[in-house]
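Structures given as structure tokens follow.
Both of the next two complexes hold chain A, though its partner changes from chain B to chain C.
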Partner chain A sequence: MSARNHDVTVYSLRYGLPLAAFFVLFFITPLLLLVLVSLHDDTAVSVWGVAQYAKIFGEGLALRVLGDTLWLGVQVTVLCLGLGYALAWAYVRSSPTTQKVLMMIIVMPLLTSVVVRTFAWVVILGRQGIVNELLLGWAWIDKPLRLLYSREGLIWALANVQLPLMTLPLITTLQRLESNLEDASAALGANAWRTFRRITVPLSLPGIIAGSLLTFSATITAFITQSLVGGGQMLFMPMYIYQQASSLQNWPYAAAISLVFLVAVIGCVTLLSYLGRLSKGYATT
Partner chain B sequence: MSMGRRNDLSDIVLKATLYLVAWAALILLLAPTLIVLIVSFTDSYSLRFPPQGFSTRWYVALLKAFTLHFAAWNSFLVASMTTLLCVVMGTAASLAIARSTSKTARCLDALFMSPLILPGLAFGLSALIFFSELGVPVSMTTLVIGHTVVCVPYVIRTTSSALMQLPPTLLESAASLGSSRAHALRRITLPLIAPGIAAGAFIAFMSSFDNTAVSLFLRDARTDMLPIRMWQDLESKLDVTIAALSSVLVIVTLVMMIVMEKLTGISRRIRG
Partner chain C sequence: MDISRRRIMQSALALGALQLFPQLTMAQARNLVFATFTGSWEEAHKAVLVPAALEHMKDANVILDPMISVDQISKVMASREHPPIDVMLHDPGPALTAIEQGLIEPYPVADSAYYQQLMPESQDPMGPSIFYQIVGLTYNPDTIQTPPDSWMDLWKPEYKGRVGITNMNSSLGTGFMVELAKLHGGSDSNIEPAFELLTKLKPNLAAVAANPGQLASLFQQGQIDISPGNFNAIQILKARGVPVEWVAPKEGAIAFKTSIHIVKNSPNRDLAFALIEASMSPQVQSQLMEAPYLVVPTNMQVKMSGEIAESLAKDQAEMKSRFRFQDWKVINPNRAAWIERFNKDIQV
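The block that comes next holds the complex of A and B.
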């Protein structure tokens, strides 16, 4: 009988061995190699040294690009949060049939190619795009605006691409929120804004943080939308890495900025998930 | 009821604001897809919206766009092989770690999920350096290996959550009736978690097919990938053929998603 004493629903860790070996060989080893390559002074990767890091922290270009990349992530996340919160709020108040349709509309973009979704924005924002045609048609402007290759255009396009990532966790938390808390707050005399600000929003903090984490990390690591809608004038970390590695063949520098970027991403994610754990405690007490 | 006049007004303003923004978000989600579908039927060379005349010439042009066919076929092959590897290794790994509370299992879980947050491009570069240090030229195989690392988390996530929902009593009663563990795995566990595995396989396939970050470094002219080809075409010229191709991709995705929704409830599983 002793053989059956252990939990029958737990399988041997050995089943995880193939994938673990695969990850050690093709994930951990390449990343360690990236660290080693970054510790070389020349593009031929023969002289050891920290010249690449000295260049990053000395010249400041890489840090400016990094800062701008993170700032873009913040801007897109904030816009997504506003749009996604309202959408999630409306979703939980809809009938089951409407919810089904809404869910398809929200999930569908996640499975559609990023190039396809970005391409639509090139059409929308172009000189002969729908925004310019409408504004010209209503005589609000007399010549087409330069929307494509503008920061504002890029933020809206990215917010559109990442909106599902923000909305889905928000729907999950808002669905779990007990509506009688809102009723109680109203019955005790709080007006709708006060209830929304003091009850609904604080209790949905775990969803807000989970959604922000996904949106932020997806935004800063993406590059297709940045390249097509932002254009060549705007430089963000992923494209900077690609240029250094591919066009300039400067592997040690590309490796070093990749690692600095990687550490920055992990730092932001760790901070946000720490806040997420705090807010969970806050939301349940 | 107990709400006074003051509350009624603020209630209306708040609700109106939220619904208005919700509608804006909904339009933002729908508009791009609809615009691509409409613009692909234009009769002109420009991406003017709304189009002036209707034609299917760009779909005819798409039939002859052999570089796109080549890239699409490569992407399909890589995504298929990636999905196969992800399902086999990912399902096995999920069985090992999903319901285990041991430290090793939790560490493995964190390791297997980490490609989701790491910048894909940094991994793409390190994979390229790795293969070139080994003297292995980039090929379909290196693409499949790179894609598998970044796509396997999706299979693990959906399979693990299917395993978590599995009632332990089923396996306990199978065991008490004398069924071996291998037999119970084959006859009870795997059939019950199959929808979770299928959902993960579908997401892994789509995300491999759409991958750009890893492909950018691990492909070359012989192994051109569709999203990269489309991106580079769009960078150089705004070709309406890409609109026709985009529409085809949108329709195929939509049909597959409806099928997967019926079979596995994919939208619920994506929410996790």
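The block that comes next holds the complex of A and C.
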């Protein structure tokens, strides 16, 4: 009898091969093509060179747009964190019936198309929109505020659109927290604020990191909301790339700025993940 | 009959696999894909041009795939050997790009019945022009009582925070800037005066639309009250009851000739020929000239009448004298640099 005892601690990658092949064909190859296209000097894609990268780092508009986009992502993520944490907190501490209703409200935006949601914000923030009508009706202002096509309006609209992405990971993390820990902290003499600061927040850090990653990535690539609510005066990376690729047919430049954008986003994600590793010291059970 | 699960699975997979080989299934009519412009042009062509063209085609369908000029070029360039579009419609700038890139098949002028009837300016062997897009001032008559009559009205202090423009990605935006420059000492190749004027316009700006379609919806939402605008674009809004009016400025409205082309390597050249013939014919052009489409004709046999004759020009000769034309051969090479400059200047 030749019983072969294979080592059960090592997993064979054979079954991952079809998916890996699919991945290589439809993801890695186009990415490599993008890199190759970006290394050309002219719009007809015939002369090799690094002029596109020289233009990006030399002339300045691309870097400014990139910085603006990343800063927008940070602002929206911070706002979302505040709102999302409060919402997740309320969810975890409600009765089961309220929880069902809250979950429906939180998930509902994800079930609606982004375009529809963004147009809803156009209706709310517009000159004849709900906010302005209310403020004018109460006579708090005497002429309509410019909320649409302004940075503040854009931040609020994006925060609303990306809120489910922040709230759901936070709910998962807060639910796994042992309530005994908070009781123990209170029993040892800490007030509510200290308990929150020293116990709850560090323990929910994995959820905060996960939510922030999702919200940040989704915000900086939110082409539709940035165009419809932001308008033409604020230029962000997605619209810049579209403009160069589609309107101007300048594929090498568009490819180059796409890659710079990709590297910048990977850098931000790595930074956030590093923060996540710091929280490992506070591991829950 | 013994229906087992195995049998059902085999039949379903076989039927599904047949979808991969369309020739095995029933004989299908040939499809001609016509990329028209979005908005009022799509509606006009669907209602008038497509039925007229189908009368001359046997066993064929015309499919409308609306997209703007630059997107049409992107799509065809991505797949030159098997283009997804058979007939393209272009603004003057992208038309030159498409010809340079070798995407266009020359039009068989000798076989055409209607080509010689077009205005001499509309005749081009690479692709005839079938209508003109006219750009003037669009305004909301409810909030602006005295109609504006000049481009410079946009700079008036009473319009602070009520003016809308588009960015220079579109022909509308570029044409507007070039026209401004030409009126203030610039030319088709030098629009420096326009950038200076743009800086002065910024306090009046309520919104910079990302594309001309968005401009129309800004009127609808009451965000802007006055803007440079396309004559045809507001027809749909007017039909829906939105208060918006078009007026030609006293310096002259800008006219873009819009040309229609057969795409190189298209498998349906004869169908494309039939469609373009229909678009040049006097019957279709006079029908499109009527309300609610109000498309400006280029066939000289069409007598201008109706609203076009009242608000634009009584005949082709008057059109030539009253409208302002731009040289896109000179404009095109500069567009990329101008768009970058516009991006920098327009930021708040």
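Convention: the second predicted complex is superposed on the first by the 261 of 285 C-alpha atoms of A that agree within 3 Å, B and C clash if a C-alpha of one lies under 4 Å from a C-alpha of the other, contacts with A are read in each partner's own complex, and residues count from 1 in each chain.
As a convention for this text, a contact is a pair of C-beta atoms (placed from the backbone, for glycine too) under 8 Å apart; a residue touches a chain by one contact, two chains touch by 3 or more.
Just so we're clear, the structure is a prediction, and the values are computed from it rather than from any experiment.
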Room on chain A for both chain B and chain C (clash or fit): clash
Residue contacts with chain A in the superposition, chain B compared against chain C: B
First, second, both or neither for A:Gln128, with chain B first and chain C second: both
Which superposed partner A:Thr112 touches (first chain B, second chain C, both, neither): first
Which of chain B and chain C A:Arg14 touches, first, second, both or neither: first
Which superposed partner A:Leu61 touches (first chain B, second chain C, both, neither): second
Contacts of A:Leu235 with chain B and chain C, given as first, second, both or neither: second
Which superposed partner A:Ala245 touches (first chain B, second chain C, both, neither): both
Partner chain(s) touched by A:Ala90 [first = chain B, second = chain C, both, neither]: first
Residues of chain A at both interfaces, chain B in one complex, chain C in the other: 122-123, 126, 128-129, 227-228, 245-246
Chain A-facing residues of chain C, complex: 70-71, 73-74, 77, 97, 161, 166-167, 169-170, 205-210, 214, 221-223, 335-336, 339-340, 343-344, 346-348
Residues on chain A engaged by chain C in the complex (per definition of touch): 61, 122-123, 126-129, 146, 148-149, 227-228, 231-235, 239-240, 243, 245-250
Sites on chain A touched by chain B in the complex: 4, 7-16, 18-20, 22-23, 26-27, 29-31, 33-34, 37, 82-84, 86-87, 89-91, 102-117, 119-124, 126, 128-130, 133, 156, 159-160, 163-164, 167-168, 171-172, 186-187, 189, 191-193, 196, 217, 220-221, 223-224, 227-228, 237-238, 241-242, 245-246, 251, 254-255, 258-259, 261-262, 265-266, 269
Of all residues in chain B, those that touch chain A in their complex: 1-3, 6-7, 10-11, 13-15, 17-22, 24-26, 28-33, 35-36, 39, 46-50, 88-90, 92-93, 95-97, 99-100, 102, 104-105, 108, 111-112, 115, 117-123, 125-130, 133, 145-146, 148-149, 152, 163, 166, 168, 171-172, 174-176, 181, 184-185, 203, 206, 209-210, 212-213, 216-217, 227, 230-231, 234-235, 238, 242-243, 246, 249-250, 253-254, 256-258, 261, 266-267, 270-271
